[in-house]
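Should a chain be cited, it is by its letter among A, B, C and D, assigned in written order, with residues numbered from 1 in that chain.
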Amino acid sequence: MKKQFLMATTIAVFGTAAAADEIRVLNWQGYGTDLDWAVGAFAQASGHTVVHEYFNSEQEMLTKLRTNPGAYDVVLINAAFTPQAQEEGLIGPIDVTLIENLSDVPPDIAGNPDLNAGGALHGVPWTWGLTSFAVNTGEFDQTPDSIEVFWDKAHEGKVSIRDDALEAVQFAAIATGQDINNISDLDAVQAKLAELMPQIKTYWGSENDWNQFMAAGDLDVATFWSGSASRSMAAGLPVQFVVPKEGAIGWLDGLSIPTSSTKKEAAHQFIDWMIDPEFYVKWAADGAPASANAKAAAALPDEAFNKRILGDPEVVARVQFQRPVSEENRKKYLELWQGLKAAQ
Amino acid sequence: MAEVSVQNVTKHFGTLKALNNVTMDFPDGGFFALLGPSGSGKTTLLRAIAGFIFTDGGSIRIGDKSVEHIPVEKRDIGMMFQNYALFPNMTVADNVGFGLRVRKVGADEERRRVGEALELVQLGQHGDRKPHQLSGGQRQRVALARAMVTNPKVLLLDEPLSALDKALRVDMQIELKRIQREIGITTIFVTHDQEEALTLSDKIGILKNGTMIQAGPPREVYSNPADVFTAEFLGEANFLSKDGKGVLGLDAASIKLPAGTGTNATLAVRPESMSITVDEPQQDDMSKLPATLERRIFAGAMATCILNCDGQVFKVIARDQDIPELKEGGQVWLSWKPEKTIVVPSGG
Amino acid sequence: MSNVLANQERLKIFGLLSPAYLWLTVAIFLPLSAMLYFSFLSDVPFGDAEWTYTANNYRAFFQTSTYATLLWKSLKLGLMVTCISLLVGFPCAYVLAKAIKGRSREALFLLVILPFWSNSLVRIFSWAIVLRGNGVLELGLNAILPFEVDVNLMFTTPAIVIGLVHSYLPYVILTSYLALQAIDDNLIDAARSMGANKLTILWRIILPLSLPGLLAGAVLIFVPVVGSFMEPRILGGRVGTYFGTVIEDQFVAVFNWPLGAALSFILLAVVLLILAVASPVLKRAQT
Amino acid sequence: MSGRFLTLLGKTWLGLILFFLYAPIIVMAFMSFNASQYYQLPFEFSLKWYQDLAGNDEIIAAATRSVLIALVTTVIATILGTAASVALFRFEFRGKRFLQVMLFPPIAIPWLITGTAMLIFFFGVGLGRGTPSVIIGHVALALPYVIVVVSARLATFDATLEEAARSLGADAWTVTRRVTLPWISSGVIAGALFAFAVSFDQFVVSYFLSEPGDSTLPVLIYTSIRKGFTPEINAISTIIIVVSMAVMLFAARFSNFGGER
């Protein structure tokens, strides 16, 4: 009731409760925007309906934007890809006056250089999170605090990392004490990964894989995303997310509006609803990444995963946020990773 | 070469009795026919002799060996199938040589015997062809050569000529008989064509519903059928009575019966045994009946007449020149020698 | 006269063939040609992307040993899966075609194809549940056997082979069945009447006559298995990197379509070459 | 004796293989009744996933759409594929070998690549996305399978049967209808079953070519892997398998394909 009221006032303020539109959102599946209750509440308050399409990788998302002009109104883009999308002219600048909740986003996040590619805000900061790892609590008396646990012979054949060249390379960069956005010693990374390979049981590809492997007891320790970890813990899996002393990879997701969108006004309304604390608190209850909205983050209960772990300034200090990766480096990383995999 | 003997053979397929206590002897070197309508068990009997079917009871001997428990491949038979069953992936020579190769006779021996067999069936030049390049008659000869080349103890033919057209069939009958005589192999063949059976064989076994009704030389089964079924199946018959009841209001006195004929016997006359005259025949020792000529069908040297005798239709086949010139509907006399009356024992 | 006939025949051939091949042209050959064209570009020509003509994507195959190693590994996998499927499937097809009669045969025939009507991902994940440690296979075996066994096939090459054989076995059963069913039973009887034992009949009659079906089945298996990526990735884990998974990476993860396309066409060329070399040999075997 | 023993051995083998083929299907069905969301053992009976499924319009709509698309695909691909097979079998003409070889690329090149190629091409020629495009793609992918399977059956066809029928005065169409088609009917039905399977399992083409919100079941499954699909997917798959089994066995009772010669 309260939410509907809130939404209604939001729209009343804009005074633009125009004709009902159908907006199309391009996102990962099951990543907040497609929650039934959220879409329902938005439809009830604004009159706009929401249809989803999903992608399975950032590259695919970019390709979909390129090949289907006019098909999407809101798209989720990782900040490391926002500049590329902006350069290609796929997404347009955000009209900040239409997003009331933006004022609650801390300036250091709202001012993220990648999201502000081309000199204007092109992605509304929505969520952020970590790529670190989680352990099976049944296999550890004490939660490890070092990334070196991956190389511990005690866990040989019970280790997993995601089958992703960039992530693997950046993970090894952290383990070798390097800057993930400026890897100076790629040979060290390669050596470190080569050493890791015999430890690995399998690569994981998706949150689903990860949960099943963990549930089946195949793994002791595996890299993981913070948002997914909070979901797995909420679902009752005996896992603990770890941000090791060596650091972790951080990422920031923004919501953007394609240049070719014909329903920009409704799209702005939807994005505003997505960063609303009301929405976020309810979402976080089933497991969500951290919100970019300070007010939303503060509204979480104290025991919430995102507040407990990601709210800790000491943890945040260890995080290295991902920046865009050049095409050349991307190719180099892929070759390195494929070579290692093929050698198995 | 060997004699084949089947004693009290029985075979069930589920509840169906395919062979019921069948007995027949096939002396060495003879040419035998198993005749009967479809479903009579004639093919079952042939396949039981071949060994494709194991019987439920009775004994089958080939030569001096009891074979009931010997599988086909060890029985040393030659068999020819209705559709010839030539191996489409092999040449004619390879088809014929198959049985020899299985017996490991050696390449030279194989070539020689295949050549001989193909010469015998007059296909000496066709060894390199594939079956699909041959005509129906040629395929039949290949199948025959293939069945004989291993010098089997007995040659089994399953409706060997049924796939050929009429003219070719007659040629092949003569050919088959010639080859069989030449090598003197005991041959058993299955047919539903009574004419073929009568023409070719030394002895005919007639089957019906899995039972051997009668077995004997062609002339004997033709003129002395064991029952009404056989009489009807082995060519056409004009019935005078069935089971003692006259089929027409005949003047009994005008029909002369062989001595000792029972009162409840079935009487019949073959169409070719009757003569047609305009005037009543004067011989007292002839059986005779008045009749109306209904139709006369000219067929070259012979003609078929359909006559009506007191409501009963009779068929007569005679040389065209022996039939008086008459309009259809004219009155005639039918007559035949008393010994031409077929007496079928009752209850057969 | 013969000209008219020839024209009529040409019309018939055209009428029967053109719908299917027109369809294939529009939906497959032209798109694949476009892909072939892309494989000679430096980048996919979308939007503002800059591109030039290049043979680098093909050269990439030879620059590192990675691709050749993986292609060889995939070919071996294809051969293994094909052989196992033939050895396992042919006897099944034979029993189905020759030993079982009537209605139950039709029902069984349908049952063989029906597993295909489930989603392949769901099937593969079900295999994972069977093959993993403490999975259905291990629990089942330990329930039957008097002693404890440790069975964990998950993330091994055998797991990949099991998954692939499962996915493709119906092809070989089906094509062999169709060929076997067409063999006249009289041929087998005829061979027996000539004294041939079962092995001779199998070798000299049944195998040669069912060879077209066996070959069709083998091609239908070998060709897609060489390019497969889903089963190796999910069931193979660390050892599941094959040529197909590398191509998939180029398309799904990296979106380097030109390189992915180049690798696919190299795969296609190699597969066609193998089939071309094998076909005369096999044709001779048939006679 | 040994013949009967061999037959028994063969039937046992067939039984084992059927068990192998159905093992994952049975596991799939079992897991749809298992309470654990992560497919954990031991088994704990629950109807939860069926209840969830009943309320999940998205999955039901996607499954329905998949079945409809697969049916349309099957009909078109079977007709076109059979016609092409007959032509390839009956006539000799220049380029025949080439046409046969051209069936391999669609089978050899992973669907992923073919699907992507279609996406680009359809996008390029302005065909756009939507159900018609999906069907065009599915039919094209199913066609080679139909042609290969039907041709395998035709290869065993005795051409003299056709000649015999023609010598009896039957025209080409009558020969096709009365002689050729009955002979290949089991091949055609098998081809149709394959076409259905290809379409029903095809996610790449549907993924790229269907309109947002119009996803098919495989697309739904594929996209939900990332987050994790629940045993609801097992539940719908189980229902589909059981229903198709019932329909097919029912149809088999009243048809005579693959039966006696």
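Keep in mind that, in the parts below, a residue touches a chain if its C-beta (ideal position, glycine included) is under 8 Å from a C-beta of that chain, and two chains touch if they have at least 3 such contacts.
Since the structure is predicted, the reported quantities are computational estimates derived from the model, not experimental observations.
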Chain at maximum distance from chain B, centres defined as averaged CA atoms: A
Chain ID, smallest distance between chain and overall C-alpha centroids: D
Chains linked by the largest number of contacting C-beta pairs: C-D
Distance between chain centroids, defined by C-alpha means - chain A, chain C (Å): 38
Computed distance of Cα centres, chain D from chain B, in Å: 53
Between chain D and chain A, distance of the C-alpha-averaged centres to the nearest whole Å: 38
Inter-chain centre distance, chain C versus chain D - centres from mean C-alpha coordinates, in Å: 14
Touching two or more other chains - residue numbers and ranges from chain A: 56, 67, 205, 212, 216
Residues of chain C touching at least two other chains: 125, 134-135, 184, 209, 252
Multi-chain contact residues (two or more partners), chain D: 39, 120, 222, 225
Contacting residues of chain D [partner chain A, same complex]: 36-40, 119-120, 123, 129, 212-213, 222-229
In the complex with chain D, residue positions of chain A that touch it: 24, 26, 28-31, 51-54, 56, 67-68, 71-72, 205-209, 211-212, 214-216, 235, 237
Complex interface listing, chain B residues touching chain C: 50, 52, 71-74, 76-79, 81-83, 85, 87-89, 98-99, 102-103, 146-147, 150, 156
Complex contact set, residues of chain C against chain B: 184, 186-187, 189-197, 200, 204-205, 208-209, 286-287
Chain D contact footprint on chain C (complex, rising order): 9-10, 12-13, 15-17, 19-21, 23-24, 26-32, 34-35, 38, 44, 88-89, 91-92, 94-96, 99-103, 105-127, 129-130, 134-136, 139, 166, 169-170, 173-175, 177-179, 181-184, 198, 209, 212-213, 216-217, 219-220, 223-224, 226-229, 244, 247-248, 251-252, 257, 260-261, 264, 267-268, 271-272, 275
